[in-house]
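You will see two complexes here that share chain A, one where it goes with chain B and one where it goes with chain C.
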Partner chain A sequence: MSEEIQNSNVKQKNDKNKVSQSYWSLVWWKFRKNKLAVVGAIILAFYYITCVFFAEFFAPYPKDLESDYLEARPTYFQFRDSEGNWFLRPFVYALDEQIDMATRTRTYVYNTTVKYPIYFFVKGEPYKLLGFIPAETHFFGTDPETPDAKVFLMGTDRLGRDQFSRLLYGGRISLFIGLFSVIVFLFIGVSLGAASGYYGGATDIIVMRITEFLSAFPQEPLFLALGAAVPVTWPSPRVFFMVTILLALIQWGGLARQVRGLVLSGREEQYVLAAQSFGASDRRIIFKHLIPATMSHVIVIATLKIPGMILLETALSFLGLGLVPPTVSWGTLLQNANTVRAIRFAPWYLFVIPFILFSIMAYNMLGDGLRDAMDPYSK
Partner chain B sequence: MGAFIIRRVFYAIIMLFVVSFVSFVIISLPAGDFLDQKIAELEARGDRSASQRVDDYRERYGLDQPLLTQYWLWISNFVQGDFGLSFEYDRPVRELIGQRLTLSILLSLTTLTFTWAIAIPLGVYSAVNQYSLGDQIITTIAFIGIGIPGFLLALIVLYVAIVILNQDVVGLFSQQFKDAPWSLAKVWDLMKHLWVPALIGAVTGTAGTIRIMRGNLLDTFGQAFIESARARGLKQRTVVWRHAVRMAITPLIIILGTEAFPGILAGNILVEVVLGLPTIGPLYIQALTTQDMYMAGTVLVLIVFLLLVGNLVTDLVLAWIDPRVRLE
Partner chain C sequence: MTKETRDPLVTVKNLHVDFDVRDGIVHAVDGASFNIYRGQTLGIIGESGCGKSITAKAIMNMIPKQGKVTGEITFYEKSEEGSGEIINEIRLDQTDPDGEVIRKIRGGHIAMIFQEPMSSMTPVYTAGFHIIEAVHLHRFMSAEKIGGQMGKNIQKKRPVTEAEAREIAIEMLRRVGIPNAEKRVDSYPHELSGGQRQRVMIAIALSTYPDLLIADEPTTALDVSIEAQILDLMRELQETQDMAIMFITHNLGVIAEIADEIVVMYMGKEVERSDTIAIFENPKHPYTKALLGSIPEIGEKKDKLETIEGMVPSPFNLPSGCVFHPRCPSFMPGKCDCVYPEYAEVADGHWARCLLYDGCWPETTEAQAVKNQAVAAD
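So, the complex of A and B:
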């Protein structure tokens, strides 16, 4: 008897291999065909490698290392010198300080007679890779034998810190915040939405009233007010944690409503009724049947939510109401650019904008592709 | 219909009370009393009469009383039009908001006009010529536009204006007109500045509106009355603009109520801050930074008020159009 069943199972399996695929492999197939989404995924992978995981390696300098060059202009990679000779190995020019007596400002000019070649995998400041592997190698840098040589791909700030390195470290915080707050957002939204849809009654009424209440607030002004309420005296990890929670807290309402709707219709499905009649516990039905059925929908919402979270954090910190220095995030780095003077005399502070925009676009592209792919049966 | 209206209005009033209380709590959360700071500052300067004045305020607004009493004092004055005092400016909040309200309304109206003037024709074109090259380009730009936040765009505009064009785009008036009385020259000067933030707001708002317009119009095209209009031999232009667009534009009216209306006060706070506009947005941010609680609380509650009124009006309009809503 059991052998027969096994046989028929094997037979079914073989049939499946021929004509059908699992849901997730169909999703993967459809996703791969969407070029824009794949590009988005690649860009994001690049961000996570260079910023989140290996910022120490890709950044030529530690984020707090102060050099003697204050608000110096970027020294870009050069391949061609002032005499018109081409070089295969990129180099940077030295910077000469100039004081403009009339305006009493300090500027830097390229000294085209001094060239510092760029080396890859050079020895630099020691660091701990991934937080525990001691290392000294940086992806690129100047010759460690000549201590005068510096490379500031995107200029320096008022304390002479390399902006490019800080942008990588800042990306770590900003991308982390986006990811963490979405995880908290998912946790609150899915659990409350599922509870509300499954139990109904008082639970449902209370949860739905709260979401209505939240939607009565305009999101941005509310978030700014909450951010301002975080005490300035708090240590930075706590502020980071708080901002993450706040981001999730003001936004879960919409997700909870959608999950509730999905669970409400899922509750009437035959497989759920079957599980109930077998005496499955509520917990088992919710976690094994109802929530997994909402997952494809939820993943798409989450992906499309991350860029909004990153932007809100950036805006909050830019206004000085969120993360504050010494925490390095894209928002706190953008703070440098909030005066007309800074934009006129140190426009390289604006390099943070493309960093933000590309990550946001990549998330949007990925999310849009996932939305199409999650419904692989449609043409 | 009457019962429906009463129910909705009642509901909105309850919501307004709850929301205003929570706003008040959030705004007065920051540790340390703003007035304590102020007194210390004034006493350091040896200003005794001012310290007396601060004590008067403290008594008047019940700042040494429990939070609930404070809220009650504030909200009961609020409904009578007294929004409290801005401790930062030492002037009534109402006066400060009133000064900037005109420009805020002007800015949001201009932004809305720009947005619709760009978005509706593009959305219509996109839908009429579905899958054409023009449609693809518009859809792609709209897709990118949704991702670009206004305040980053404002920073880019500042960079282009200051570094490349050497132009002054900060604020809404040139230096010589800032405190000048209203005149034709001043209005012209305002126009020369106003289009920059309005266009930035429009660019970020257009993307979503184009998408909505395109989608709605495509849905409308499938309906029978369009077919009958075509069958009667009407010109394509008449069919599109007179019949289809008129139907497809209704959801935009909803947006008008739920987004544009509260947008008068908080349309694009960050863009206003970046461009240093004399509107209400920057006032709100400044109040939050300096913990000027009545100022911040008033702006937040007024925004919520506009949002609720906008929602209410939209609901009523929808109920009037569609009887299914009010019978639900």
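So, the complex of A and C:
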């Protein structure tokens, strides 16, 4: 027992002689105990690594590479061939095209006699990792020596493009748009809310009336109108930024109100008076004393807002009013699945749904965990 | 220091602060005039809500926007080179409340300690951060002399670096008697006890070497032994830094301990002003007498403690004439309720606002009788 105490003493001493744990280490400690939130964080980390940062590496093909297989069914990894032999290395079957002369539709069937083994870290199409490191290694793929070999993990679309690769690339846009528009959203909401709460008077009245105006408007029609106003002739990066900003512009009202409330109560605290009495300027008081006090609240709102932004972008792109092809996002990929014909004959278009679903769930799990961990009053 | 050689730091002349609220106008401060001298302590006493804190805030030009300030508050800035001449007279009441000038003075020349040390620190920052912030804003290090060949010694000043500010913070915490200052500098406010927080507040206020420290009931929230330590500390620092203190309290024991001169306020009005000994030995105004009379004496058991009769009047409906007359034991009918007393020097350096000492008004026989009685009792 005494040894244990000694050990813990030594441990404390080694910990940079810290008197106590900081707020953030307490948050981390509490967060770690929430298994669901940790799972959410891990899923998200996985998403961001595979989609946002290294999509080129994880996708076997570039997003625009058109193959000869049009609307081909997925070729899944196989470990056991038709004769019942087990293989350690996964393989895929070749696809044979069949035309049904009665319905005049093209279908593909597995050719179980031709097997293409799957290799990891294979050479493929050259790309630039993170936009500047030239590379040509892909995470998985077929033997580059046999150009006929193709692997379509989630099928192909009407132009023969690999759906799996496109989902990864689309995730980059959709996840990034969620993050980026939340940053814009935070910037507008926090600064206007803080100014409104701190200065009061005319500033407060104007900002609050704008938020009321925005919240009185039905959001989707408003966005549809704004989305329709984005010129179709614009290049896709510009449309992307426009959509991001639009998402933030119609959503900031709620955050501004909450920050205003927090700042309003914070302003009456004596520490603001004390800061003033030491010659701190208004800007300093707002940014150094009031906003940090609202941060735990704001971070949680932001985390829970990201999935909303992703869904909104997806919904709008699905309706053809947000991003439009050739930009690849989950919304534009979902557009492929908007006919009964597509669902009947090419159900692999629906693979985008679990992608969206899991990312949204992960964000919500993370957000809930953060809320519990950051609330200083929760036990 | 005799009165003639006293060195004014802040002079307040005929200060009025009015708040226009829904129910009418509140005269929070109604004609206060006093001087604060370098290296001396001015005590301000009075009941709750009598305008003590508002006076302090008026000096810092921190009256909320709804308040209207009239009168003159002048700050005399001395040159730092030690020649001691006054280089600048700043009218604090005329500065822009968010402007550069007043922000240099706040914290830099006039620092303030608040009533509640518990809530005067931003909860998300450490004790050290608060001191470092103040030091960053107001303290400059004199760097090497430059331009010496040009005949003038221009002292180049630079802001303190992060490491130096931290050193200063630790040093200040040590000076205010916080044990283990190197560790405590990283403590959050909730990890400190009330006394320690108040010490940290004092450390923040003193870290910039202000000319004037406004202490707004700094020991109210503390227990007696800590209170004594804090008072000792303030007095010690006052001696070493030649700092003036404006000490606001309703605790007469504390004020007797620390103040050189005392201002007594009632309902926003300055009713008496004199040096400490004269106030305690020979109070002139009936209100001061009543206040002193209501201190329970140690070792004496009374059935009932002395109180001041009546209630504090509503600020919207002040009594006519002298505002204290409904509660005054020396009330002179026909005079006190009709005539507003002028501030008069009743003895050498002893000012009081009371009709007992004002001979220029026609007196009724009743008034004469009460007055004679009061003077006889003196």
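Here is the rule we use: the second predicted complex is superposed on the first by the 357 of 379 C-alpha atoms of A that agree within 3 Å, B and C clash if a C-alpha of one lies under 4 Å from a C-alpha of the other, contacts with A are read in each partner's own complex, and residues count from 1 in each chain.
In the analysis below, a residue touches a chain if its C-beta (ideal position, glycine included) is under 8 Å from a C-beta of that chain, and two chains touch if they have at least 3 such contacts.
Model, not experiment: these values are computed from the prediction.
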Partners on chain A (chain B, chain C) - clash or fit: fit
Contacts of A:Pro126 with chain B and chain C, given as first, second, both or neither: neither
Partner, of chain C and chain B, that touches more residues belonging to chain A: B
After the two structures are overlaid on chain A, angle v-u-w for chain B, chain A, chain C in degrees (C-alpha centres, nearest 10): 90
Which of chain B and chain C A:Pro117 touches, first, second, both or neither: neither
Which of chain B and chain C A:Tyr23 touches, first, second, both or neither: second
Touched partner set for A:Gly279, first chain B, second chain C, both or neither: second
Contacts of A:Tyr271 with chain B and chain C, given as first, second, both or neither: second
Touching partner for A:Leu224 - first (chain B), second (chain C), both, neither: first
Contacts of A:His289 with chain B and chain C, given as first, second, both or neither: second
Minimum Cα separation, chain C to chain B, after superposition on A (Å): 15
Contact residues of chain A, present in both the chain B and the chain C interface: none
Sites on chain A touched by chain B in the complex: 212-213, 216-218, 220-222, 224-229, 231, 233, 307, 311, 315, 318-321, 334, 337-338, 340, 343-344, 347, 350, 353, 356-357, 360-361, 364, 368
Interfacial residue positions of chain C with respect to chain A in the complex: 60, 62, 98, 102-108, 111-112, 114-116, 119-125, 133-134, 137-138, 183-184, 186-188, 191, 201, 204-205, 208
Sites on chain A touched by chain C in the complex: 17-20, 22-23, 269-271, 273-282, 288-289, 292-293, 295
Chain B - residues contacting chain A, complex: 15, 18-19, 23, 26-27, 29-31, 143-144, 146-149, 151-152, 155-156, 158-159, 162-163, 170, 262, 266, 269-270, 273-274, 284-285, 288-289, 291, 296, 299-300, 303-304, 307-308
